[in-house]
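First chain A sits with chain B, and in the next complex the same chain sits with chain C.
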Partner chain A sequence: MTAVKTTETAAPAGGTTPPALPPALTGGARKRRRRGGAFDRALPYLLLAPALIAILWLIGFPVVSVFVTSFRRLNLGELVRGEIVWTGIDNYVTVLQDERFWTVTLRTVVFTVSVVGVSVGAGLLIALLMRVLTPWVRILLQITMLCAWAMPILASATVYIWMFDQNYGILNKTLVRLGFDQFAGHSWFGSGTSTLTVVGLLIVWQAIPFLAFSLYAGLVGVPRDLYEAAGIDGASGWQTFRAVTWPEIKSLLMMVTFLSTLWDFKVFAQIWVFKEGGPSGESTTLAVLQYLEGIAKSHFGVAAAISVLMMLILGLITFQYLRRLLQTEEGKI
Partner chain B sequence: MAVSGCGTSTNSSSGTETKEITVWLMDGSAAPTLTDALNKEFESANGIKVKYEVQKWTGIQEKLTTALASSTPPDVIELGNTQTASFADQGTLMDLTADASKLNGGEWLGGLKDSLTLNGKQYGMPFYAANRTVIYRTDLFQAAGIAKPPTSRAEWIDAINKLKAANASNPDFQALYLPGQSWYFLLSLLWDEGGDVAKQDGGKWTGTLDTPQSKAGFEAYKALYDASATKKAPADIDEAKPQQMEVFGTGNVGMMVGLPWELAGAVKAKPELKDKTAAFPIPSKKAGSFAPVFLGGSNLAIPAASKNADAAKKYLALLSSKKYQDMLAEGGAVPGTSKDTSKLATNAIGKAMADSSPGGKVTPTTPKWAAVEAGQNPLKDALTAYLSGAKSLDQATKDASEAVTKAMG
Partner chain C sequence: MLKKSAANVAGVLLALFFLFPTYWMITSALKPKGSTITSDYDLVPLSVTFTNFVTAWTKPGFMSALGNSLMVTLTAVLAAIIVGITAAVAMSRFSFRGRKSFVLLMLVAQMAPFEALLIPMFLMMRDLQLYEHLSSLVLVYFAVTLPFCAWTLRGFVNGIPVELEEAAMVDGCGRWGAFQKVTLPLLGPGLVATSVFAFITAWNEFLFAKVLIRSQDRETLPVWLSGFQTAFGTDWGGAMAASVLFTVPALVFFLIVQRKMVAGVTAGAVKG
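On to the complex of A and B.
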């Protein structure tokens, strides 16, 4: 479609130049040009087409498949026998009628917002800090963060579980040593809020390196003379940040916030390895709920319905950003 | 070719030549001596290689789901007796009713046979059964002046206190290692008090964890948990994470409620424990009798989509023979396809098991039970909430009962 459009717009554009050419050549050149132009313009798209189709299929197929599956009854039996049983919106009714779904949704949204807020805030602070550090301290900090970033999810989760262990964890032992005796044998996973706080801490720890590096890259791009000018005008640190730094990194900050939201909303592994969504299901988020329904109970149709609902909720959360993104493309910002 | 291949299932599997079969057995189910001999004999007799893989119990339900849905599932799988019905109900297992005679069908263990029978058809072959006993350290009992193993719950708690007193100098000592979510053991206490998990009424299952009898079972668990040690096991872990045999193997533990293979694992890690351990049946609250135990066990099944069903059946037939069943019994398990348990009573843990297994019970035999065990088990949640004080007994059991009703409804 795009290819066709481009060739059509190319023709009149080509038509405006010929008058500058000698009259004798105009007719032939015009003809050749138009044909050559059309082909030349279409060529990149034709060359891109196979890759584009492959990517669309790779990305689009699972999405379509999930959507289609959400209208099927697909349990282990149907899956093994290869049966296709359509159930209309039954799966959605099942999910939406379950009062647990709404609790879990609310919990997921609160969890996502807090984790994203804390991690982006901490990432920004570290990025700002990195700019004023002496080079070797900065390099040390960067290496430390790279190591944290490179650590596999499950490995770091296991370390966190050990640190917060009830009887032998270093945290409880340290707190007792400092005189807080009530932490002897304290269970950090005794309630959903407490469990999710520890999980959130782990996710923030894992997310900071990426955020700090990205934002630091943005900060480095801010021209030095702007700060000099602000300094001459007698701006305070906060005023400099508001007037100089903020406008420059605003769009970058919005992008990393958007990405963080996507990642943190669907986080599963960390929550699952801690307490499998427990105790009493109090740390169950939508991703965990989907796993429980889909894999543990083999109701793949219901799990697909949860996935579609998750996409909708995520769309709602990021609606503002998506709208601005589209506006930017039309050149309004 | 294509036409003959689409014929009956027996034709299709015999038509192609099988070079290898994949066998999945569970961690701790059969001793390597048995499986090595079995695989070797099968390979030389049939010229078919056996790809033998040992699976972990943690997360097996999910792993089996994925494996059974694939086009090349393993050819022989081991299923827990409480899981079998749901997998059979979904049509994922091969109907072995017609082959039972070749698999020593006349000697199948009743409790396991029931667990693999659905609508009068058999979807597997019993493998072995085992039940939990209290495994204890004879040397520590002696040192604490406990003359003979306890025969009632009161005596048991008394023994726990004596052990604690005798080992007071060791801050990490646990007279009884009892993690908060040992729910198979909770079943024993529930049944001992006359309670149960669920009851069936006109085809509908309802949770019965909040009856006075069931609550008494929970209270008994708490009494034992509170007494178990000064530095108790966490309330929010089960006996598999960490493996309780590893904890027992540290030497700081006087007793654990466990299966024979768990003791074997502890002994393997610390050989000197071999002569210092024995077992007694879980005591009842009524002096002199035993608490009903959960009859754990495994069945062997052939996935419906197996490409090598004929070879897999031969493998099962070989395993069902007396030679290997005797080896199972020697290893400390009740054999699934042989009524001869004389080999079992030769060791202390086998004897304790043989004593209590006649009074054994199972969880509801319905395909719907799997939904209770899979994922977030309400019994475990109730135990943790009650033991840690997050919920009152009434609230915890009420919530669990409702969750069971919902999962089985």
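On to the complex of A and C.
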């Protein structure tokens, strides 16, 4: 029974702070269980086997397969007949020579950079703001942000389409009320840029809560006496931010920027639901292009080449992210 | 003082910005038919009705989509959690050759760009004769959430002092007994947080649900809702009521773990 009692006191500590573990612990685990028979030595591998098999089968194999497929001609005909036609780098030549691919890539990059920039910037500002708010305003803001964060993507996208509706949307009605009569019946989804701006607003709106909460958690961790010292030295608000806050949250800011870039680069659902990449393909990004080529047109080989190019870009970002993550968490692995 | 009240005003305005779409979704859903599609300016609903919810609920496909979503999501999450725990215990409690590379593999697998694996996944499910079967979605969501679950649970297991298990083993428990009686109960909060995260990821997923399932009676909720214009026409009240019903499970789960969300995401790096 004593063991149970100890567990009760340890539970909240173990539950609330998962990433913080004493490095000694893993060291301790390492020394354990050197004795024991073949079963004991096999046990960790047996425990890992299901996860390892699943990852190799459901992630590793598709990764290899996408590369292989990108060197094949695989349209609906070949797929149905089960033919294997190797075409070398033909798919890449097709994709890279297509002017549309470059337009779409450029659009995706601009879209990602703008969305990430705005959401990280706004997230940081809101995190800074949260520190100076009266408690009830801060809690109000946190609750409303949670609501935005928790809404399923398809639900929030549907609400945004309704708010931006051409005839009965609340936005156009409000703008007309405020005296901007040219917005009566204005279509927000008439051009690619306008559509992507609304999609971007939706993504920013849902991304800010995570960013603001993480950055706020980082800001709260900055020791108070640093600010007091800065105050004694007569530093201005901006100087304090530069000298005290910035160095403390720089690495956290980097991490959330990388994560946001990864997420926003491959956005599909929101863009598709708004206008299916339209009007006339003007809001198509790489994720949508891959879908259109591969699934809608059944050009699997060409689509795989697009996927590989996407993966290269994402891989580059991921590599940078992991390098930083491992630097900060070195002791943990 | 002036600065503080200016900040508070900004805070309240931001709260309105974040709340408005949710507010608009709920009020549009509560407005009676005829007062949604109108040129009247109506920020506050003048009368309230629940008929939109009945409409959404009884729309063809809603019930089956809800059932499919729940079935697929819960099965995938349950599988990911079970396989995740075993992997987490192995990574955290044992020392063995290749441990480090396995931990690294989990970390990398978490970052796998699933959207870019759409084509091979589609071809693979077709080869396995799983195309058009909900089990294909279960497999995909299991794969998407597994690395995250294993990685996060490893953090939680690490947080439980190994001495507790050793004490139980000294007291006569076997290794399984020690795990079952000591580690598992302590893992409770971590299990809840992790599974909610996995749940939301799978609950939100749209691309694979759209590609791997074509027939209507096997659709999941996100795909069903994306076709709301065919189902509802311009019945925005009904569409909003359906959105509310879609949001409720996610919101409930979200509130359960909201305090652990931030730590979880930064540690795990998976978003819905």
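What we mean here is this: the second predicted complex is superposed on the first by the 246 of 333 C-alpha atoms of A that agree within 3 Å, B and C clash if a C-alpha of one lies under 4 Å from a C-alpha of the other, contacts with A are read in each partner's own complex, and residues count from 1 in each chain.
Operating definition for what follows: a contact is a pair of C-beta atoms (placed from the backbone, for glycine too) under 8 Å apart; a residue touches a chain by one contact, two chains touch by 3 or more.
None of these values were measured; they are calculated from a predicted model.
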item: Chain B versus chain C as contact partner of A:Leu171, first or second or both or neither; value: neither
item: Touched partner set for A:Val118, first chain B, second chain C, both or neither; value: neither
item: Touching partner for A:Ala235 - first (chain B), second (chain C), both, neither; value: neither
item: Contacts of A:Leu226 with chain B and chain C, given as first, second, both or neither; value: neither
item: Contacts of A:Ile295 with chain B and chain C, given as first, second, both or neither; value: both
item: Greater residue coverage of chain A in the superposed arrangement, chain B or chain C; value: C
item: Touching partner for A:Val109 - first (chain B), second (chain C), both, neither; value: neither
item: Which of chain B and chain C A:Ala243 touches, first, second, both or neither; value: neither
item: First (chain B), second (chain C), both or neither touched by A:Gly77; value: first
item: Common ground on chain A, meaning residues reached by chain C in one complex and by chain B in the other; value: 79, 167, 291, 295
item: Touch list for chain B against partner chain A, complex; value: 61-62, 65-66, 68-69, 87, 89-92, 231-232, 234-236, 304-305, 371, 374-376, 380-382, 384-385, 388, 390-391, 399
item: Touching residues (chain side chain A, partner chain B) in the complex; value: 75-77, 79-81, 166-167, 185, 187, 189-191, 275-281, 284, 291-292, 295-298
item: List of chain A residues in touch with chain C within their complex; value: 2-4, 6-7, 10-21, 25-26, 28-33, 41, 43-45, 47-48, 50-52, 54-55, 58-59, 61-63, 65-66, 69, 79, 126, 129-130, 132-134, 137-138, 140-141, 143-156, 158-160, 162-163, 165, 167-168, 170, 173-174, 177, 205, 208-210, 213-214, 217, 252, 255-256, 259, 262-263, 266, 268-269, 272-273, 287, 290-291, 294-295, 300, 303-304, 307-308, 310-311, 314-315, 318, 321-322, 325, 332-333
item: For the chain C and chain A complex, residues of the former touching the latter; value: 3-4, 7-8, 10-12, 14-19, 21-22, 24-25, 28, 36-39, 41, 43, 83-84, 86-87, 89-96, 99-100, 102-109, 111-113, 115-124, 126, 139-140, 142-143, 146-147, 150, 152, 155-156, 158-162, 164, 166-168, 171, 181-182, 185-190, 193, 200, 203-204, 206-207, 210-211, 221-222, 225-226, 228, 236, 239-240, 243-244, 246-247, 250-251, 254-255, 258-267, 269, 271-272
